[in-house]
Amino acid sequence: MKRIFLILTILSLFLILTYPAIAENKPIKIGIMGPMGDATGLNVLRPAELMIKKINAEGGLLGRQIEIVGPYDTKWEPAEGIRAFERLKAAKVDLILSGIVDDSEAGLLSRIAASDDIIYFSEFASTMTFMTNVKKKYNKFKNYFMFTPIDIGMYGCVEEPALMLSKQLGWKNVYLMREDSVWTEGVGEMVLNETPTHGLNVVGFDVIPIDAKDLTPYFRKAEKAGADMIYTFFSSFGEAAASQAWDIKLKIPMIGHNGVLNDYGYWKRSRGAWGPLITTSKWGSLEKHSAEWRDFMVEWSTSYDDDPRTPMWLGECTWKSIKAYKEAVERAGTTETDAVIKELENTYYPDAPTMGGFYGPDEGDWPHSWCIPIDEKARFEKNPKRGAGLWKPSNMIPLTQWQPKEIAPASTFLLPGTPDDYGRLVTIWPSHIAGGTFQYPPYYTEEDIKKLEHK
Amino acid sequence: MTKESTKWIIVFILLSASTVLFKNHLYVLIYASFFAIFAMSWSFFTSFSGYLNLGHVIFIGIAGYTTAIFNYHLNFPMILSMPIGVIAGAGGGWLLLNPLHRKISGLSFEMVTFLGILVLSDLVLTSYLRPITGADLGISPIDSLLSSFPLIIGLNLFMCISGYLFVRFLNSKHGKVLDFARKNTDLVKTAGLDPHKYSGLCLLYSGIVGAIGGVLYIHFSGSAGVSNTFSLSFQIHMIVMAIIGGRFSMFGSIFGAYFVILLEEYLRGVVGGPVENMIIYSIGFCVYFFSPEGLFPKITGLKKKLIG
Amino acid sequence: MLADIIYVIIYGFVFASLYGIMTVGFSFICGLGGFYDIALPAYLMVGAFIYVKLSEYIGGWALPITVISTGIICLLHYLVFIKRIREDAFVVFFATIFIALIIQSIFEYFFTTSYIYNYPPLISGHINLLGVKLSKDLIVGGVIGWIALFGLRYMTRHTNIGRAIIAIPQSTLGSRIIGIDITRIQSFVYFLGGLLLGTGAYFYGGYLGVNSHMWSHPLIIMFTITVAGGLGSIDGVILATLLIGILEVAVVTLIDPRLRSVVILMVGLLILIFKPKGFAGKRIG
């Protein structure tokens, strides 16, 4: 009996003495939420799993291991988003990586503002008004960071390549198709108001209901309007648009944002419907990207057997958000919220597929949204000059096109395990990471091309 | 004090006591109470009037959008916009559904309310109404009720009072007529009574409780959007709860809501959304198929068997 | 404008044909069974996925297998579930909503909600009809749809089994008295309806893509067409199919695409309220 007492006393003494050390080493908690029955949620979960495994294997962050809390499925429902958020909050997470969309996030705003011990990374919502909260009420919303380009940025990464193609091929007439949802509204307005000032004609537009299935009536309208190219802002029916255009042999190239369209599995799912739709994507022509990103792509595509094996838009957002958090915590030397926020405001990645970073509340109109320096040269510097009015929203989402083996440049990087006759995803804009050029789909005749190019 | 009111007081005390166990996860109980209110008010009309109402969310939706519009666009404080929402929701929903249930009955009523929800959600979603309803983004941010002890206690109190009043109504003369009318409409008519008057009253009470729950739910959600108002999946969610618990008693709905919400919360960390849905729907299906009166009567029946 | 109207009529007709082949199985089963079986559109989705997966390996031979297996699935669905509850239309409605949702969650689990699967049409190429480009595969689908619709019309009028099918929803007791074996007749209806659903699945999925929530749009279309046509009437269904198909294309082309589903649903709603029997049907419930 005495002996047991002695052992217990020693044990409890040991525990009391070492408690601060144990507390110091308690894991950093990163909460994950998003629609997990969907490629969207998996685009948050998979990169997070891979990166956190790697960070932990390298000894953790500040010597502490990182623990994933969740993933909590939000099923595209705002109510489920609130439940997931509250559950993560109850679990006392340090950081939330959230893959929910705008309507779900709208319901969370008041809760985010009321949780100043949590940093919230929005990986998928892109509504500009969310961002103005941070500008207007910085002290309430300073824990909110948006890794997605906001409206202006999204507009830029369609408009700039379109201008490039217009210069190369002489396309002049633009037809706008956007799905009827909030994230396309700002960009849609910009196309109607600003594109004409760049020397292009907007010959018509359609706002397509999100439950539309058949896009051919819209294609016909674009044909009738004499469009040379179609801007698309689609999330759910990008794939349908691409394959229907392929089926009916639409002879107007489409450029735009199209949800999951360009992930690795597309070629198989669509049975090689390439060309009609060129769209923004993060993993085209990997030979041109930084080695860090390329290695990560290889790791991702070899770690999972099912789609998504490559990122859509928010897969890269998650990658850079974990990277940014890790670096900010290391620089701050603590996970204490305010200190980390200060350091996050000093983040800048010139070599990420979406180049950009964050700045503080006094340096421009969109603090905590993904921005690049206005100065063209400074964009490519690791530490661009910082200061008021120097930043604009990033638009550097590369534009990519699926091309079959025979047409794609031979140097195009192939992910390990890709069958030889599988399609290649080729980046065609921006020029500093482009691996190839735009190619007409096989059903365009010489005559069609002649008609299209007003040279 | 009657036996019935004692029962409800016990339920209130039990539910309120359980908040201590969940003090870090109050939101779970809050959601459960909200859905209990919705499921209860749905089954009050549906189970006892003989009309299968798939449009109960119309009350919640009109009430929710009204309070959100007044709060967001017109800057009314929450305390003022909520009563306006309740009046608009209960009144508006009743004006829509009451004439409808007089005109059509049976399967057609079910189909009309089913299609009605789809029309309403589609209308709200089109960007025509963006300046008012915010379309797919919804109206946000509005004044929020965050998770707190007063909220959950208040909800439980409201739930128990309205549950008690529902039972009182069913046991009253009106309730008896309603019961007769459900079983044999012609009999009631020959007695010189208008059966629709009673079912209309029942619909109104169900709507008022739904609308009060609705405005609170919208402010708890922090935004009014289609998915927490006019959506079919929202409607099905509360029906699943009532069916699992037992749609012929008020306690059944409460039991069903707590059961489903707690199960969902347990499954959330364990399996993904699709599997979670699959489990809940399978339970709903099995209950509906093999024991249509729900689980709650089964459990109380079992208790009686064991004790007596 | 004239070109638009020609387009609306021609494309609307072809599109209606697509809806026709997709809906005819549903209308046949529900219209003649006297209840709404919400699980049927989910079986359309099952059929489409069977085709997607099989055609990867055996190409076009997947079509007959898809059609037959969808027929068998519907038959089993009837024998296992519907047979026991067919007397009560309410119960059928709810039980089948649950079944449909369970099927959807299973497919969401395996195929996610975001991806769309496509397959090349068995008959490729297009024809140009008065300036309207039409896929040959779709035209074949439409022709099959119309043959099926008129075939069923013929069957319900001129064959004994057809008359028996019509008789059941009107009076279950009466049919039993005159010696109709309800289970056998309805099993046949379900199997035949399943074959049609399977065929519809190939054309619908091939044209508009296959994914794990593709059943909801067919549900609304099937539902509206059946409601508008009236339960128990093939003539009504034929009329309603044309109306809905052309109306949809007309709204998208001539008015505003955003109103597409609102208009379709409103048509269903108004018919239910003001003409519950549909164009030519008998009231049930």
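Chains here go by letter, A, B and C, matching the order in which they are written, and residues are numbered from 1 within each.
By definition in this document, a residue touches a chain if its C-beta (ideal position, glycine included) is under 8 Å from a C-beta of that chain, and two chains touch if they have at least 3 such contacts.
Computed from a prediction, not measured in an experiment: that's the story for all the values here.
Arrangement of the chains shown, judged by which pairs touch: all-to-all, with no pair of chains left without contact. By number of C-beta pairs in contact, A-B leads over the other of A-C and A-B. One simple way to say how far apart two chains are is to compare their mean CA positions; for chain B and chain C this gives 33 Å.
Rounded to whole angstrom units, the spacing between the C-alpha centres of chain A and chain B is 38. Looking at chain C, residues 108-109, 258, 261 sit in touch with two or more other chains. In chain B, the residues that touch at least two other chains are 122, 126-127, 272-274, 277. Touching of two or more other chains is recorded for residues 35, 37, 76, 180, 207, 209, 211 of chain A. Put simply, chain A touches chain B in their complex at residues 35-37, 70-80, 82-84, 86-87, 90, 102-103, 106-111, 114, 127, 180-182, 185, 207, 209-211. Contact residues of chain C toward chain B in the complex are 35-36, 81, 85, 89-91, 93-95, 97-99, 101-102, 105-106, 108-109, 220, 223-224, 227, 258-259, 261-262, 265-266, 268-269, 272-273, 276, 283-285. Contacts from chain B toward chain A in the complex involve residues 24-25, 27-28, 31, 122, 125-127, 130, 134-138, 140-141, 144, 146-147, 221-223, 225, 227-228, 233, 265, 268-269, 272-274, 276-277. Residues 35, 37-40, 42, 76, 180, 206-209, 211-214, 216-218, 220-221, 224, 236-237, 239-240, 243-244, 247-249, 259-260, 265, 269-271, 273, 307 of chain A are the ones that touch chain C when the two sit in their complex. Of all residues in chain B, those touching chain C in their complex are 52, 100, 103-108, 110-112, 115-116, 118-119, 122-123, 126-128, 236, 239, 243, 272-275, 277-278, 281-282, 284-285, 288-289, 292.
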